[in-house]
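Chain lettering (A, B, C and D) follows the sequence in which the chains are written, and residue indices restart at 1 in each chain.
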Amino acid sequence: MVPLSWYLILSAVLFCLGVLGFLLKRNIITIFMSIELMLNAVNLSFVAFANYWNARGGLLPSGKAVVGLSGHVFVFFVMVVAAAEAAVGLAIIIAVFRTRETLNVDRVNLLKL
Amino acid sequence: MVHQILFIIFALMCVAGAVNLLRQTHPINSALSLVVVMASLALIYLLLGAEFVAAIQVIVYAGAIMVLFVFVIMLLNAGAEERSSGSRIALIIGVPGALVLGVLVGWIMIGQNKQLGSVAISATDFGETHFIARLLFRDFLLPFEVTSVLILIAIMGAVVLGRKES
Amino acid sequence: MSITIFILAAVIKIVLIVFIMLTAVAYTTWLERKVVARIQNRWGPTRVGPFGLLQPLADGIKFILKEDLVPSGVHKGLYIMAPMLALAMALISFAVIPFGDAVSIRGYQIPLQITGVTMGADGGRSDINIGLLIILGATSIGVYGIALAGWSSNSKYSLLGSLRASAQMISYELALGLSLVGILLLSGSLSLREIVNQQSNTWVIGGFNTHLPHWYIFPQFIAFFIYLMAAYAETNRIPFDLPEAETELVAGYHTEYSSMKFAMFFMAEYLNMFTVGCLATILFFGGWHGPALPFLPPLLQAILPLLYFAAKVLFFIFLYIWIRGTLPRFRYDQLMAFGWKFLLPLAIANIIVTGLIVALGA
Amino acid sequence: MTDNLHLWAIPLLPLAGAAINGLFGRHFKNRVVSTVALFFTAMSFGWAAWAVKTAWPGGGMTLPHIETLGTWIYAGKFSVPFGFYLDQLSMIMVLVVTGVGFLIHIYSVGYMAHEGGYYRFFAYLNLFMFFMLTLILANNYLLMFVGWEGVGLASYLLIGFFFLKDSAANAGKKAFIVNRIGDFAFLIGMFLIIQHWGSLNYDVVFKAVSPISPEAGWGLLTAIALCLMFGATGKSAQVPLYVWLPDAMEGPTPVSALIHAATMVTAGIYMIARSNAIFSRAPHALEVVAIIGCITAIFAATMGLAQTDIKRVLAYSTVSQLGYMFLACGVAAYSAAIFHLMTHAFFKALLFLGAGSVIHAVGGEQDMRRMGGLRKLIPRTFWVITIATIAIAGIPPFAGFFSKDEILGQVFASTHGGKILWAVGLLTAGLTSFYMFRLWFMTFFGELKLGSVDAGEEAHKASAPAHAGHGAASHSHGHADDHSHGHGGVHESPWIMIAPLMVLALLSIIGGWVGIPGSMGGHNEIGNFLKPVMTASVSTEHAGETAGLQERQTEEPKENNSEELMLAAISVGVALIGFYFAWLLYYKRPELPDKITAKIHGIYLLVLHKYYVDEGYSQLIIKPLLALSTVVLWKGVDQAVIDGMVNGAGSASKGIGGELRRIQSGNIRSYAAWVAIGGAAVIAYMIYIGVAK
């Protein structure tokens, strides 16, 4: 019986590390990966709450019964969106690399070539 | 008790992976540490009784998205990061900032511990695929369709952007 | 059946299966060289032991004794980790494969499946209800092994080889997944033991007993066909083994590897073949189900399901080798086009048809 | 039988005349223009006479006779009708205005014959008549105010008739602005009336006021009375706001006669007399009126002494006489004030027109020092002006004596402070006769000094006839009110000018006989005639208390004839003393005035420059106002505040834009930092809400 707050703390820690990566790293792809990490942290809290609500049951304020599983469905959607984002993001990174020859974020600061 | 021990193990793996993601200079290493994070997260999902999600996490996230990342890193072969002026300041501000944020949220979570109660692998077939399927294709049908359109557009975008200008 | 007994049984099963599998892998190399030789009208290994039976042992010792070269400029960590990763992923998929029904030892019903569990009052055997997904997960993580191997060995050939191999595996993984969906529509469950149990008796269509075994091969032969193609591509076997073709890229992603690391790749490849074989038998040929043979002695009678299962798997291995001996290699663009433009649409069509049948039938 | 007198025709006729002349006059020949103007004025006079005859008190008409054409303003409870009001007071005023107006129209046909803009002059005159008649016949304060403003407009147009001359244009502007200041106070008075009694109609207001005893409502009534009084001072050129009248002499002489002697300036007196119900219940206000009247009288008289321009002298005498009428109203002797108004209209119009014909005769010369010995040259004008001068001086048989004596008698008899006011009034009477006879002697006796310029002494008005630029540009070229010397030597005015003078002279003589007091054998017809108007509003039960304030009843038993006769004798004596001094200084020994002025040089200069009032006003009021408007309003508010805000907004956004631009540095990591900070802020806010709840 693991208290829910542990999961949330883990998710918070992962999220903070994601934010840190997002701020500190210089390589575009690594920044991109830290975003993925953040999304994963969010997924974790989704699943944790899904399980929590399923166990608690009860009624939503709107009167409908609590559907624990909707947390999972949300995770599913987050993954789909993350996949789409990764695909387009990496395509952009390739395009940037092709023109700028570098992945270092600080070098890529001129709007025109 | 077993749950807590397992949780702590997986959590530590997770955090170690995440920290390694930051520490590594070469993107390939950080990519693999991210795969480790995702795998441990999958295990934690299993702890939370979410089998289908864990499987999907492994197949989609670890198996597809991260492979994409590794692919791009391999293709571009850009090499390790080099220090640049901006990082010093960011480090000085960023790290304590993140620490404060983490501590703040953590404190809130611990504070609310009583209300939150605890979580366990629910006995009944909670995370069963067919339950999720029924939910996904009935209550969440519209979002499902919308995301499928999103994916289509993303693919086209990626193709257009990725193509070499002929 | 408490946790401790389950763990104990699991450990024993794991040791047993790993040992059997590795020896099986070894002897498949022997079988392959023999069969290919016979196809090419020559004898194959005959000197080492009767009919060359000890050849695999000789190869094994050779691999172990050879000098373990580590070229310079190599990403040391990844270079070493890659083969391990490939082998590990190949082994993991055996965890969920049910070899047989169950064996009762000292009153405990031990299911012949690593993750098999006898649960509930009636002692019914069940296993992880997402078995199939785990196999898919394992295969998708397996790609890392090859990708990293090629990239970390810091040579152009291996890099290109690994890129091609992983690209091929990724695209065919899609076709593989979709082809399995046909089966899932019929079986309604992802757990392999459940699927096997469903294929136990005969097809009864509209009250007429066709006396055909209730195997899924009959309604899903297209899916079987797609599955086989995709599986061959997954394991980089002959029609699709361009990445490691000697004529093209020396040895593809494992050119820089020597001795044990090379052996690991080799074993990983053959284990994957076995996984494909087992999966095919479980999903399409009814796993350990076969016609009852009353005339056999009781001891044989007990292990008959296992024998059936082994026979079917062996047949698939033979099929692999047979095709390896006969079919020419695909060109890379043909390979990709075949995968995306032919297999994928076919698999989707199959899903639609089976979906309609299941929906209208129910 | 209250048949409909169609009172609206009286004002409308001159309006029609003004419209015809104004719109089409340009194409008419002078003769046509004058006939149109005279015809409509005559019609209006005839109509007024007919209306008065039918509505004469004895004739069975109930007075006051009110006719309403329709409602002009209808706003909730408050409504203002187009109404006309005829009672004894307005009868007298109508007759005076139309009568004197008609005579002046005839006179100006001759006088303006050689001036440019002939049709314009007559259009303005008719317009003035229309507004004056509206003012008099209105049955509510608002319609009266229309007339009030209209009259101010007409005076502006007529004063500035010679608009090419800067001094004329400025004089017109000055007149209009000063009047407007007065009107402002009048407006506030009206607002107070509306506020408290909901309507401006005379009958409604006076009926509402009558029950209020002086002590009870003194606060409100005094306020209204003071406002109305201040409005009247503006229009009737009393002390604070009299500065415009002397400058108004820039206009042609008939204009001065009509507007600045007979009619317009009397509007203020008429208004006070009309609202006697309010004034008589506000004793303090009456005191103020009396004091202002008295001060104006003595003040203007002293200024008149030093003037050398013939028209300026008459202007100051008008101001002083108006001061007398104010004084009369101040002691609640309204009918005496109206009586003096009537007689003053006759002899002052006569004096002005006479002066006009003198100027006409000497070819535009206005400076008395250069005139002299005209007695034989223009005998008829001489005789006419002599009659008027005797009348204004207040020598018995003539009109001036009776009306002025009436006022002095009332003032003497009034209770609080009457004696001082009477003494000042007497002194003013003496001064009046002195400067009138001074004018008389300087103009008609001695020898003609025309053409020789007295060097040295700074002539009040440019010595040589100020030929304002004879710009031939504008075809209706107005030139100095004098006109070219083409006529050779001095000549008598044509009959068309002399005839009205004769009539006015006759009126100046018999005008006074209407109000001969009981003590001298008459029975003060005009006093009795106006009594119902003045006392109608004082309801009987208050008769006792307001006895002191009530209309001075000439037949009061305790007022014996001997005292009255004695007062009359004193005033005649003072007039004769004035004559003697004038004769002594300007006939017997002409060099004497220069010696006297040399001795009292300081005082003389002070008086000559009209006590520097104009300069004082410009320093005290106009300059600070200008400064206020430029520094504070224009520079301060408009520039600094409004423009400041607008430009400030522009530059502020530019500034902020400049600062924010630095964020778009292209450095992706700074973007990331900003995103993170934003995220942190949101999380903090959510935590705050969560914790707060």
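The criterion applied here is as follows: a residue touches a chain if its C-beta (ideal position, glycine included) is under 8 Å from a C-beta of that chain, and two chains touch if they have at least 3 such contacts.
None of the values given here were measured: they were computed from a predicted structure.
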| item | value |
| --- | --- |
| Chain ID, smallest distance between chain and overall C-alpha centroids | A |
| Taking each chain's C-alpha mean as its centre, the one farthest from subunit D | C |
| CA centroid of subunit A to CA centroid of subunit B, Å | 6 |
| Intercentroid distance (Cα basis), subunit D paired with subunit B, Å | 97 |
| Separation of mean Cα positions, subunit C and subunit B [Å, integer] | 29 |
| Cα-centroid distance, subunit A relative to subunit D, in whole angstrom | 91 |
| Sites on subunit A at which at least two other chains make contact | 19, 23, 26, 106 |
| Numbers and ranges of subunit D residues touching at least 2 other chains | 667, 669, 673, 676 |
| Subunit C: positions in contact with at least two other chains | none |
| Pairwise chain contacts, counting only pairs that touch as defined | A-B, A-D, B-C, B-D |
| Residues of subunit D that touch subunit B when the two form their complex | 667, 669-670, 673, 676, 680, 683-684, 687, 690-691 |
| Residue numbers on subunit A that touch subunit B, as the complex places them | 1-10, 12-21, 23-27, 29-30, 32-34, 36-37, 40, 43-44, 47-48, 50-52, 54-56, 67-70, 72-73, 75-77, 79-88, 90-95, 97-98, 102-104, 106-107 |
| Residue ranges of subunit C in contact with subunit B within the complex | 75, 77-78, 128-130, 133-134, 136-137, 140-141, 143-144, 147-148, 150-151, 159, 162-163, 166, 170, 173, 188, 190 |
| Footprint of subunit A on subunit D - complex, ascending | 665-669, 672-673, 675-676, 679 |
| Complex contact set, residues of subunit B against subunit C | 28-29, 32, 35, 51-52, 54-56, 58-59, 62-64, 67, 70-71, 74-75, 125, 128-130 |
